[in-house]
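Going by the order they are written in, the chains are A, B and C; count residues from 1 in each one.
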Amino acid sequence: MTAREEVLGRIRSALGDRPAAPPIPRECLRGGVHSPGSPELALQLVDRLEDYRATVVRVGAADDGDIGRAVGDALASREIGQAVTPRGTPREWTGWLADVVVDEGQLSARDLDAIPAVVTGAVVAIAETGTIVLDGGPLCGRRAITLVPDTHVCVVRARDIVQTVPEALARLDPQRPLTFVSGPSATSDIELDRVEGVHGPRTLVVVVVG
Amino acid sequence: MRIALFVTCLGDVLFPDVGRATVQVLERLGHEVVFPQAQTCCGQMHTNTGYQRDAVGLVRHHVEVFEEALADGSEAIVAPSGSCAGSVRHQHAMLARRAGDEVLAMRAEAVAARTFELSQLLVEVLGVTDVGASYPHRVTYHPTCHSLRLLGVGDAPLRLLRAVRGIDLVELPAADSCCGFGGTFAVKNAETSTAMLADKMSAVLTTRAEVVTAGDASCLMHIGGGLSRLRTGVRPVHLAEILASTHGRAA
Amino acid sequence: MSTFLGIPRARVAGPAADVAVGQLSGDRPFPAAAHEALADSRLRRNLAHATSTIRAKRAAVVEEVPDWEALRDAGSAIKADVMARLPELLEELEANVQSRGGVVHWARDAAEANAIVTRLVRATGAKEVVKVKSMATQEIGLNEALEAAGIQAHETDLAELIVQLGHDKPSHILVPAIHRGRAEIRDIFARQMPGVDPALTDEPRVLAAAARKYLREVFLRAEVAVSGANFAVADTGTLTVVESEGNGRMCLTLPRTLITVMGIEKVVPTWADLEVFLQLLPRSSTGERMNPYTSTWTGVHTVDGSADGVPDGPQEFHLVLLDNGRTRALADELGRTALHCIRCSACLNVCPVYERTGGHAYGSVYPGPIGAVLTPLLTGLTGGHDPNDSLPYASSLCGACYDVCPVKINLPDLLVQLRAQHTEAHTESHRLPSAEATAMKAAAWTMADAGRFAKAGRAATLARHVIRRGRPVLPLPPPLNGWTASRDAPTPPAETFRDWWTRTRGTR
């Protein structure tokens, strides 16, 4: 008998009493009070991001040039002139940078390790938890580029901000590789003392647009 | 109301003052208390130590005795113990069911539905918080785990204590931490139990109370036993005894 | 098999996990291990500080969620549904993982899982692997198995790294190095971390930076990663890892080959079910609204989704589904609820026993209240004095664990039930009952009759004459001497309650 057959057989024998699958109560709140894109959600997202030590920059109008200026300022203030960005981000977003590397899949992990920053968009943000979600698509890029560089600048549009985790999951395609990011990398492994900045980007700048 | 007293085995043999105080409080409030003489023990020690087969016999006995009391006109059963009331309410039917005795389980559920821990009976069933007690001492209250979490008595004991005349009630730090009694845990894991007791005693001592009270004689025996061993001078007094007190002394 | 509390004929338990492979048992019973831990003042201080910190954090973020109880109900019901439909869900998961380019393996036990992973790593030619913190691989002792095959496993979670470099054992599900303070961690790094700055201080920030620097090079060169999984979604074939540091992302993203070892109970039916657990887990576990990083992947990914597109993450993915005693637990009607556990460790953090003894006292990689039930459910109880036989007794049954469990596992009830299984296993495996069983039987016989009980109570009042100042005149035998070692014994009254009642009120 193969291990597969044996394990499945054991499970069926263990469930010899045929336990009934219970009804699942779904009284938990799935939707939020505020609709996606509402100003309350942008405020809550900013509050929660800052609580987890992300840096937030707000840009009023959804103009790519203004976004580019905000991205440029954020990186310049950290003395960073170079960034990698995926193919699908508007070129204006990185227009203020001296050196922009567009990722076509040609960069190895070591190449990425030599690049100080990455500029991407996000597909969804969750206000209640201060989370941005990357889906590996044209706006977010393949997963390695948002992981290896030490600073991640992520542009979030107000219309993509939802209130709750269930609302976010409903918008996402599980067939994509997804990364939910809530603040910079962190650890509490030493005396439960939270320290921001371990292996993932130690600096997370979120540009909230609109 | 006619109320049947379940005094508990520990209360019967080691702490009769607790049962006497329970009778006094209820009679002072105008209720009739009966004591079904055939009662013995709820079987909690057996259940929690792994002797469920032995416990089932005790469950059957308990159910028979208190079914008869209910048939005889008692409207409620009171136990001056969160732990024993908890066992009746949350373990008896389960034990019967696991033994394959559905009829006993249903009978146990009927008895359990009428069984109350003393503070719950007073506050939730009888709607009383001022029982006319007077107790001019500095007191801290330890909410025992089974009162707090298994029965969910909430703040009923504190509401009763706050209404006691002359009492100087002080809050116990980290009150909801277990004192480390846990029945046979106290002897099987005596050292861990003692470590938990040490922290409970130090919390009691920071309150500078002269009396530590609780709704369970068993936990109080443990806390009081530790306080006495260290000659702290703090004495354990059961909640019922404070509620029964009328002239400055525990009943 | 006993018909009273054991498993009725209709359910057949799978084989117990072998305690000789992996880390599911210590070498001595809980009270003996606890004896040492209780005397370790540094350990006591580290634990008290860490558990009180995390308890406060959890309480604050749980308070924020208005539908927390409804979420717990949903989490509990989804897990019960999973157990009821486990074969179908695993087959669905397998089909979906395979259709997306993953390979699924089944392991009956720890030894088989270790052999599968070792074979897969060897096939790549790699001599080292990077690891995401995983309870399943700790449980089966994978690192040791790989080492025996000449493959070095690098733990990359900071706490796991501390444990690995310190040649230590994990003592907590979430924070395996919770028993270590910053000064000890600094010393471990200074001694054991290759290339570390000797001027290292014990500031957590500095220690985290040292780990980043050391592991960065390891991540960049790693060709194979091994992970566990927090959840696997049957209807999409999606795997999930919840983490904080980014070491998980490194392992799940950079190497060419990813091998995930997962207990069979970790499957959830649908993508939408994740919404419940992604709310319950971070708040219960690290006390955060959401942990810094949650990664999900479905088979093998390319940037444009085509088979020959630009790779995004590992291009070879293996999923190892592990039994190792889980089908034993599954056959137990109550015990199967222990398989609902999502490894948040909230029960450890609130447990007054865990807080004082720490995790090593439990012997198994699963410590605390959940460990005290899960470990014996996986390995079985001998009914004797094996270390795991002592675990169900390592609790005062205070119930704090049940209150915080995000999937509402009734841990006190499970502990009580396992105690019964232990005493009954003793009865089955020994010709003579234990002294305790004899005493319990005698007590039950006495208490089954009011007349006998009244006589016994009267006899007990006589004991007042043999107690002097809280201590019995003659020393008590074990285990009763455990009481008087630290507590005065109460002096029995002159008269029992029932005698007082009869004397003052007659027999009614």
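Going forward, a residue touches a chain if its C-beta (ideal position, glycine included) is under 8 Å from a C-beta of that chain, and two chains touch if they have at least 3 such contacts.
What you see is a predicted model; the values in this text were computed from it and never measured.
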Chain occupying the most central position, where position means C-alpha average: C
Chains most often in contact, by C-beta pairs: A-C
Most distant chain from chain A by Cα centroid: B
Averaged-CA centre spacing for the pair chain C and chain B, given as whole angstrom: 33
Cα-centroid distance, chain A relative to chain B, in whole angstrom: 53
Overlap residues in chain C, where contacts from two or more other chains coincide: none
Per-residue multi-chain contacts in chain B, two or more chains: none
Interface hub residues of chain A, defined as touching at least two other chains: none
Touching residues (chain side chain C, partner chain B) in the complex: 3-5, 30-31, 34-35, 38, 352-353, 356-357, 392-400, 402-403, 413, 416, 419-424, 436-437, 440-441, 443-444, 447-450, 453, 456-457, 460-461, 470, 479-480, 482-483, 485-490, 492-493, 495-498, 500-502, 505, 507-508
Residues of chain C touching chain A in the complex: 8-15, 46, 49-50, 53-54, 57, 66-67, 70-71, 73-74, 77-78, 80-81, 83-87, 90-91, 100, 105-108, 112, 156-159, 162, 175, 177-178, 180-182, 185, 204-205, 207-209, 211-212, 215-216, 219-220, 233, 236, 238, 244-247, 249-250, 252-254, 264, 271-272, 274-276, 278-279, 282, 286, 288-298, 301, 303, 305, 310-313, 321, 323, 327-328, 330-331, 333, 336
In the complex with chain C, residue positions of chain B that touch it: 7, 9, 11-17, 19-20, 34-35, 37-41, 43, 45-55, 57-58, 61, 91, 94, 98-100, 145-146, 149-150, 176-178, 180-197, 221-222, 224-226, 228-229
Complex interface listing, chain A residues touching chain C: 2-4, 6-8, 10-17, 19-30, 48, 52, 104-105, 109-110, 113, 126, 128-131, 136, 142-144, 147-148, 165-166, 169-170, 174-193, 195, 197-201
